[in-house]
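Pasting the structures here.
In the two complexes that follow, chain A is the common piece, with chain B as its partner first and chain C second.
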Partner chain A sequence: MKQLIVKVQGEAGLHARPAGVLVKKAGEFSSKITLEKDGKAIDAKRLLAVLSLGAKQGDELTITVEGSDEEAALEAVKAVIEESH
Partner chain B sequence: MILDGIGASSGVAIGKVFIKQQNDFVLPTHKVTDTEAEIKRFNDAKEEATLELKVLYEKALEEVGEEHAQIFDVHQMLIADLDLHDQVVGIITDEKYNAAYAVSEASAIIAAMFESMDDPYLQERAADIRDISKRLIGILTGEKEVSLADINEPVILIAKDLFPSDTIQMNKQYVLGFITEDGGKMSHSAILARTMQIPAVVGVKNILTKLDKNSTIIIDGKSGKIYINPTDEELVYWKAKQEEDRNYKQKLQSLKGTANKTVDGIEIEINANIGSPEDIEGVLANDAKGIGLFRSEFLYMDGHALPTEEAQYEAYKKVIEAMEDRVIIRTLDVGGDKELHYLNIPKEENPFLGYRAIRVCLDQVDMFKVQLRALLRASVYGKLGIMFPMIATVEEIKEAKALLEETKRELLAEGIAVSEDIEVGMMIETPAAALISDVLAQEVDFFSIGTNDLTQYTLAVDRMNAKIAHLYNTHNLAVLRLIKMVVDNAHAAGIWVGICGEAAADTTLTETFLGMGIDELSVSAPSVLEVRKTIQQIDTSKIQLKL
Partner chain C sequence: MFGFLNKLKGIELCSPLTGEAVELSGVPDPVFAEKMVGDGIAIKPTSGTVVAPCDGKVVQIFPTNHAVGIETSTGLDLLIHIGIDTVELKGDGFKRLVEEGVSVKKGQPILEVDLKRIEELGKSIISPFIITNADEVEFKEYKMGEVQAGETVVLVLKKNK
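After this line comes the complex of A and B, so read on.
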């Protein structure tokens, strides 16, 4: 299992489109990927769940990945969250 | 049959109708025995909906660009969402309901979840969930709503109301004009019609019950009259009128390059109102020399965060450089009917009497100073006027001016150049400002009267409320007397005064305004030449004001 805290960079936060990009990316991996914000943890492969986090620019998210491709998955998800705009 | 509405955008349109249907169908609700087959129907519907959305996305991409097309991409992702899928399949499997009912139930739960969230952006996503739910149910039941995108011949569009999403889908080249049951002159659809320069009548009660899809109608966007299945005589008359209208518009073009001078030689400034640098093209095409009102809030309403100083500077500079004459930029005017989600201003009982315009800016000084910096930096590229909105007291204008001075000193200390020749003015939109305009005139270089708000505040008539739209009247004696008072006080103090509200383009008022001695009229670009023509026919020595 791998864990990392990242900051949302895009000025729109994880709104509809960036959230969609994130979900698509997460879906490419077999690992279980969870995002946590303020104690609420959700499955990063589910769009509505990601949206429901309401993550805004500057919010901190904890990414947790577990599975055979966890390293690559963590990198990819981190990149999306940090670059989303 | 003749119906009356509110003329929202002038011009005559004659044609067949296209009715945007209301969703009044009853959702089929029944139990199923073969749940597997029902789940398959759901999956098939998802596939078909995705295909439809792909087509819509491509169309929007081509017509309005990526930014507006994205919504259809997001809808595709929502349809593919696993939570929605699981909930629908759960209802079908466990409760044995049909797929359409299951979709409706699941989306209602999800939409409610979004609605209960704090973030206004996420609250709006509830509408997206309902939209995809409607699409899926339409496919499952075969009861598809006729889409505005399917319009493929010239028609007059009739609807209860038109939403921004409708206008994206609308096949604009075939829409001759439109009529809505709801809305007033300032509603979204009315403003849209004026921008598109197509005739429109709004606030026509029950029109949907008075015609069918085979009706022919005539609409006169000026008077707000609608003729359903007109007689031959009416048809002949209005066709001639339409022709006249076209000729008139062509004739106006010949006034380009002429002066805004009355018969007795008085020259009036006619400037244009704009909302973004893109509007400049239309301004130049209609021969306006300056900008009387640049509504800076559109820079703020474009994105999800405050525009940077650099982005604002670029936008202001572009406009100032493009214009030969003075460019008056109004500082941020939000609140009222213009919301900025990212400012997180709580909902108010009376937004028009609330936290808006200069009140927001004087409260959020850091934000305000970013705009003032951008304005001052851009001032060196031409002739700039800075105008403060919604002033009601002397203290407010003094405070705004002090902040402007402070910002100027800071820039100069940083070695950044600022023009010496900036005019500082204010809008007169509140009856309070009009009543103390003699005092306010000591503080500024000019006044610009915002007749939309001045009318609404003076008459206590909400201009967004269709029910009382007939009471909203700039010709009202009380409003005209206030305007006269402002003009007199401005001139007594030796400053100039203009009008930048909708009334500036109302040619039935031009003579009255000239009689008062107004110095400037600022109108939307398409109205410039018409107002010029009106001015050229007036002899101010013969005007008798009845105020």
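After this line comes the complex of A and C, so read on.
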């Protein structure tokens, strides 16, 4: 299992477009990928769940990945959240 | 009994808006047009009242009130996204009529949108209506053309999982 805290960079937060990109990216990996904000943990492969975090610019998200491709998954998800706009 | 009916007929979803239903590929945003967030249709609305397409629970309304997520009682995740790039309007032209977490009935108004205002602000009002867990369903029918909010069935689906 690997874990990392990242900050949402996009001005509008994780709205439909970046969330869509994130879910698509997460779906490319077999690892279980969880995002957590303020104690609420959700499945990063489910769009409505990602949107329900209501993550705004500057919010910190904890990414947790577990599985055979966890290292690559962690990098990819981190990149999407940090580059979202 | 409903489970049985759903298996027989499929799950029916009504249009959340009154207007013209078109193919998702006609939306000027690749995230929707290329079905990255899921499959569905888009509506060119002629009236600004957004209603629940079926019974379900409002799980998410974006702070800017331009998009709403609904979990249906049949296990579908729905996203109704009003206009394109409308997150940039920061709520101007949008009003929510219900709060997150409430249960809604088919046809119940959820958002009120000032379509004219949104167009004045330079945004397209074409509104994707998406099943975001599309990998768990089979699409049986898509209805195009003139549709009435809460009345015209626009999608018929079958759940695989």
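A few comments on the model shown:
We adopt the following convention: the second predicted complex is superposed on the first by the 85 of 85 C-alpha atoms of A that agree within 3 Å, B and C clash if a C-alpha of one lies under 4 Å from a C-alpha of the other, contacts with A are read in each partner's own complex, and residues count from 1 in each chain.
Heads up, the rule we're going with is that contacts are C-beta pairs under 8 Å (C-beta built on N, C-alpha and C of every residue); 3 or more make two chains touch, one makes a residue touch a chain.
Note that the structure is predicted; figures quoted are calculated from it, not measured.
Of the two partner chains placed around the shared chain by superposition, neither chain B nor chain C is touched by A:68.
In the superposition on chain A, no contact is made by A:30 with either chain B or chain C.
Within the superposed three-chain model, A:17 lies in touch with chain B and with chain C [touch as defined at top]. Applying the stated contact rule after C-alpha superposition, one finds that A:57 touches chain B and leaves chain C untouched. In the overlay built on the shared chain, the residue A:3 is in contact with neither chain B nor chain C. Within the superposed three-chain model, A:47 lies in touch with chain B and with chain C [touch as defined at top].
Shared interface residues of chain A (contacting chain B in one complex, chain C in the other): 12-13, 15-17, 20, 23-24, 46-48, 51-52, 54, 56.
Here chain A touches chain C in the complex through residues 12-13, 15-17, 19-21, 23-24, 46-48, 51-52, 54, 56, going by the rule given at the top.
Listing the residues of chain A that touch chain B in their complex gives 11-13, 15-17, 20, 23-24, 43, 45-49, 51-52, 54, 56-57. Within the complex formed with chain A, the residues of chain B that make contact are 70-71, 73-74, 77-78, 80-84, 110, 113-114, 117-119, 121-122, 125, 128, 303-305.
The touching residues of chain C, when paired with chain A in their complex, are 29, 31, 36-38, 59-60, 62-64, 67, 69, 71, 77-79, 81, 87-88, 132-133.
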